[in-house]
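Let me begin by handing over the structure; questions about it come next.
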């Protein structure tokens, strides 16, 4: 009996000690973790809006999503942002898209995906000409994901066409202009399904949201 | 009237029988010196019955049966016993043998045939005669015939099969025998049927011997042979194997680890049938047999009636062996025969042929097994030789046993078919050897 | 003495490459050097801390509840690591995914606790935790460097060779297996060569 | 008497052997691939020639270097197995693949899939297929682009030109062929005929003009891997191998038969006996790599079961997997993965399909 | 309880084939390489893992959703799960020993190995997260199915591996590759073959 008591006491002490230590850590990091989450959300939103806007969270009712965001500048409404998802090659692709009331895409940000490495996962690839040797030599560059970048300034109200012959980051400026004029994006080589999934994220529902918002007269 | 029978598995090696198929059986002169091993059969070796210096007559008993599963051995020539001791044996070991020097008289003991016709004699009497004549299976297995003919009463025999398949390439001894001793063979067959009380009697011949089939069919028109059922067999190796023959003709299977009698069958070679007839009708003991001598390194091939104990060397030199060309001398057929290391070894009761090969037909280079499955297709027992041989190579004898290595009949079909030229039979034999040891030790426990 | 200990942890008894312990995280997170190093440091931290605590309280722990106590102690430090990563290195935390909580079942840590820390004094336990953790981290980094360079032509997220087309398979599951097989085969090859030379 | 002294050879029986050897088998398979090779050179011109040469040379070189420098054994090039692997690997590659990638695949096929396990006979997956799967996982994009054969390009066929010929746009729900459609197949004939369309998803069967498509598939006027386009040439080679007893009838027939049956049952037209419902499975067995896989890869001796029953299970298993991956899977073509996956099961299949040995029945009864 | 059948099928396919615990997620590698030398022991281990995984995923789900989440102590997840699993294995062992000696004989020797099998802990942690297909937390039934199917996936890989390794016993593996390295190469080739399942979806 005494033996069992001893065992239990030892275990209890260890457990209590552990609990205390963990609780202590949690109360020290908990706030930071929440702040981190908020920061992530803000960063994702800021990426789909132009600089210098004020972003507000709204909750919508049918047909709007339960949460969406509105960006305002001093001169008025800059745009909306919606979280959208669509079936990709190996699971859902989640994006956040910013659109102007006119339907012009302000920015697109891939939140999560499960696409194949080397193929579909290039939806969030950043083209880089920066080699480790350059870094060692001290040069640096700033890049943004090419695939999502090409959606900028396209219209959600028109069909977005897919050009399979080339990839955006290798295009000349002239070609880029042409693509934009024809409301076309370039596909990721070998990953048509992923390309299409991202496109569907935008085309699906977003035009209806905008129309609804317009008709409901919400402009401020 | 001939139905065509076959079995599953097997291979089709080239027959190579043309060199000797049309040559009559010649009587080979009695050798100057005969070496007669006391062990020419499966079972206990015979007990020596003569001593050095004795004079023996042809047909005299020089070794008495050493037990039930044993057979007596007779002198094949007349003359003086020069020595008794270990001599080379075609199966590879040195075995106690009796060396007799020919005195040239060919004085023969008086045979004592049955006192009454075989139809009236009691089966035991006939078996007694067969036993005394020292008859063993002449197809190669050399199992004492009288044992085969005395099945225990709980195993009734309903079918007798006379084996004239001769599926081994090159060999034509049985073929010639069937042509030249047709009647004796059939009479012998009738005796066997009577002794075991079987209802059916088949004679199976491969279809590549049309003349033998014709000859036998002719004889079967006779009233006394009416009950014999001829069976034309597909030409395929090992059609003449006991188990395959039973499967082909009766569609029965000998139980694993059992004997033909376990499925109510008895198989006897045509040579044995003839010997039985001679033993019963004339009382003649088995002291000579037909041997095919052939092969690329033999200039004058042929079929010979040879005295048991004649050294292989005498035989092949008479047939003008080309020593320069000869690489390998084999006793038996090319598929199951044994390569001889010493040509002083004598012809024994089960020697159906002597083959002198001029090439090393075994593979020139070993590849690893590519799992082609040819051996599985070829195996008449449905084993998987490729796996078993790998188990044996790695010393995993229990696994080999679990894959039924002990059921292998060593027919050589797998090794014949193997494109990697792996000597599968070697590994099967090795596996069987170790598996037997394992089984023995298990039984002791 | 430190030198010998280092040699033991990194080469002779390398947890991953020689003892084949802690394979799951080793293969799962070695897709990039950042992840590999992150996991290595996290595991080393847990290893050292648990070694310290266990060697300190080993006298008061009854034999029978030894293992549960060790597990609780290890799990405590894993949770600390988890929370810290979440708060200050969220990206790394996302990359390592469930392998952060799974440090708790990493056989290296429980193995060292049971085999070393519970039998040795504080100083030696710290050293053992350190060298073993170092060996674990180094092996992870080797695997990660090979996989990241071959699989995405990057190192620490930066491109390495101009014109080299990376073989994606190396950052997929099969590549992980092939890489560790290759590294282990190399080690075996040199060891066998050495042994062959001696005999 | 000197002749008597001569030493005779002894060995275990049998003393005669069949003339077939491992190299002769491998060489026969290589010969059987000649018609398909000729077809590929005819269709893809220089590209096919270069890719095949690169694969063969790098396979031979890898094999030679491994055997010579790492294992220090006599050369094994004489068994022709490396040659065969090279040809088969090349046949499984798209024509526009950069040759150096083909070389990488060859090194993997010979070095890892074959020699890591001890060489010919010890590998448990087909080296050529392993090489292809390695390349697909490594260089996914170039491995999944199938262009129109040069032969047709030279005659003015373009992707859209072909697609108009072969694909009959029947459904209004599809918004055009080249545009943005939710159905991947209509974006081009090469994709349609080789890749994604080989799955049943969208070719759902009322869309193809079979009269155009089938003869084309049969004689190889479609995009695809260089060796797989011409079913006729492949069948010709397979008949030769079957005649030489090198491949059995079980695996290919059951493999193709299973795919045929399943695609017929799930043909998507809603009926079973209309001409289209019957042409769908015909299309499915002719499209993609099924013929090459079923006739030459699934019948690979080393990596398929040795037992007769095992071969049947293997064939049916390959068929089911191919159908599943084509219809529901994420890859355009399921043949190589199906065979690879079934290769993994071969040891188990062999183990549990041991033939019933002679005489076992009676004993148990 | 609302059961989403499609989601269950998708979870099953993913757990067995697409995200096979061993060949894709790298979970449970120690037993995978340790117990795959003989087919018989592989089957035993596989059965034991399926059993424990199923029970563990049920219990940890209940504890997580009815204890940790309501009291907002989900950061204690790791500690609680590992303790639950360790005691569970003990309990299973004792129960089997008492009530089913046959099963105990078959699985007994593998049970102690399971405590530190990260596949069990892995499935518990995964079940506490979100379902890949619905982006919602796993329901009880879903986590149960996930547990069983992950166990089956583990067993499938283990049994295939054991079959192959038994065959490799007979092969001439180059010396430096003998032992673990060749097992890794084998696993790599298996993983390549399993890539064929990626993107498998019966409901597209």
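In this document, chain identifiers A, B, C, D and E correspond to the written order of the chains, with residue numbering beginning at 1 in each.
Please note the rule applied: a contact is a pair of C-beta atoms (placed from the backbone, for glycine too) under 8 Å apart; a residue touches a chain by one contact, two chains touch by 3 or more.
Remember, predicted model here, so these are calculated numbers, not experimental data.
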* Asked: Among all the other chains, which ones are in touch with both chain A and chain D?
  -> C, E
* Structure fact -> Highest contact count belongs to chain pair B-D
* Asked: Of the other chains, whose C-alpha centre is the longest way from the centre of chain B?
  -> A
* Structure fact -> Judged by C-alpha centres, the chain sitting nearest the middle of the protein is D
* Structure fact -> Separation of the C-alpha centres, chain B versus chain D, in whole Å, is 49
* From the C-alpha centre of chain A to that of chain C, how far is it in Å? -> 33
* Structure fact -> Per the C-alpha centroid definition, the whole-Å distance linking chain B and chain E comes out as 61
* Structure fact -> Multi-chain contacts in chain B, i.e. residues touching at least two other chains, fall at 368
* To do: Could you list the positions in chain E whose residues touch two or more of the other chains?
  => 75-76, 79, 172, 177, 182, 185, 188-189, 192, 194-195, 198-199, 204
* To do: Could you check chain D for residues that touch two or more other chains and list them?
  => 112, 118-119, 122, 134, 137-140, 330
* Taking all chains into account, which pairs touch? -> A-C, A-D, A-E, B-D, B-E, C-D, C-E, D-E
* To do: Quick one: which bits of chain E touch chain A in the complex? Just the residue numbers, please.
  => 18, 75-76, 79, 132-133, 135, 198-199, 204
* Which of the residues in chain D end up touching chain C in this complex? -> 101, 104, 112, 134, 137-140
* Structure fact -> Seen from chain C, its contact residues with chain E in the complex are 20-21, 23-25, 27-28, 67-68, 71-72, 75-76, 78-79, 82-83, 98, 101-102, 104-107, 110, 169, 172-178, 180-182, 184-186, 188-189, 192
* Structure fact -> chain E residues touching chain B in their complex are 169-170, 172
* Parts of chain C lying in touch with chain D, wherever the complex brings them together -> 165, 167-170, 172, 174-175, 178
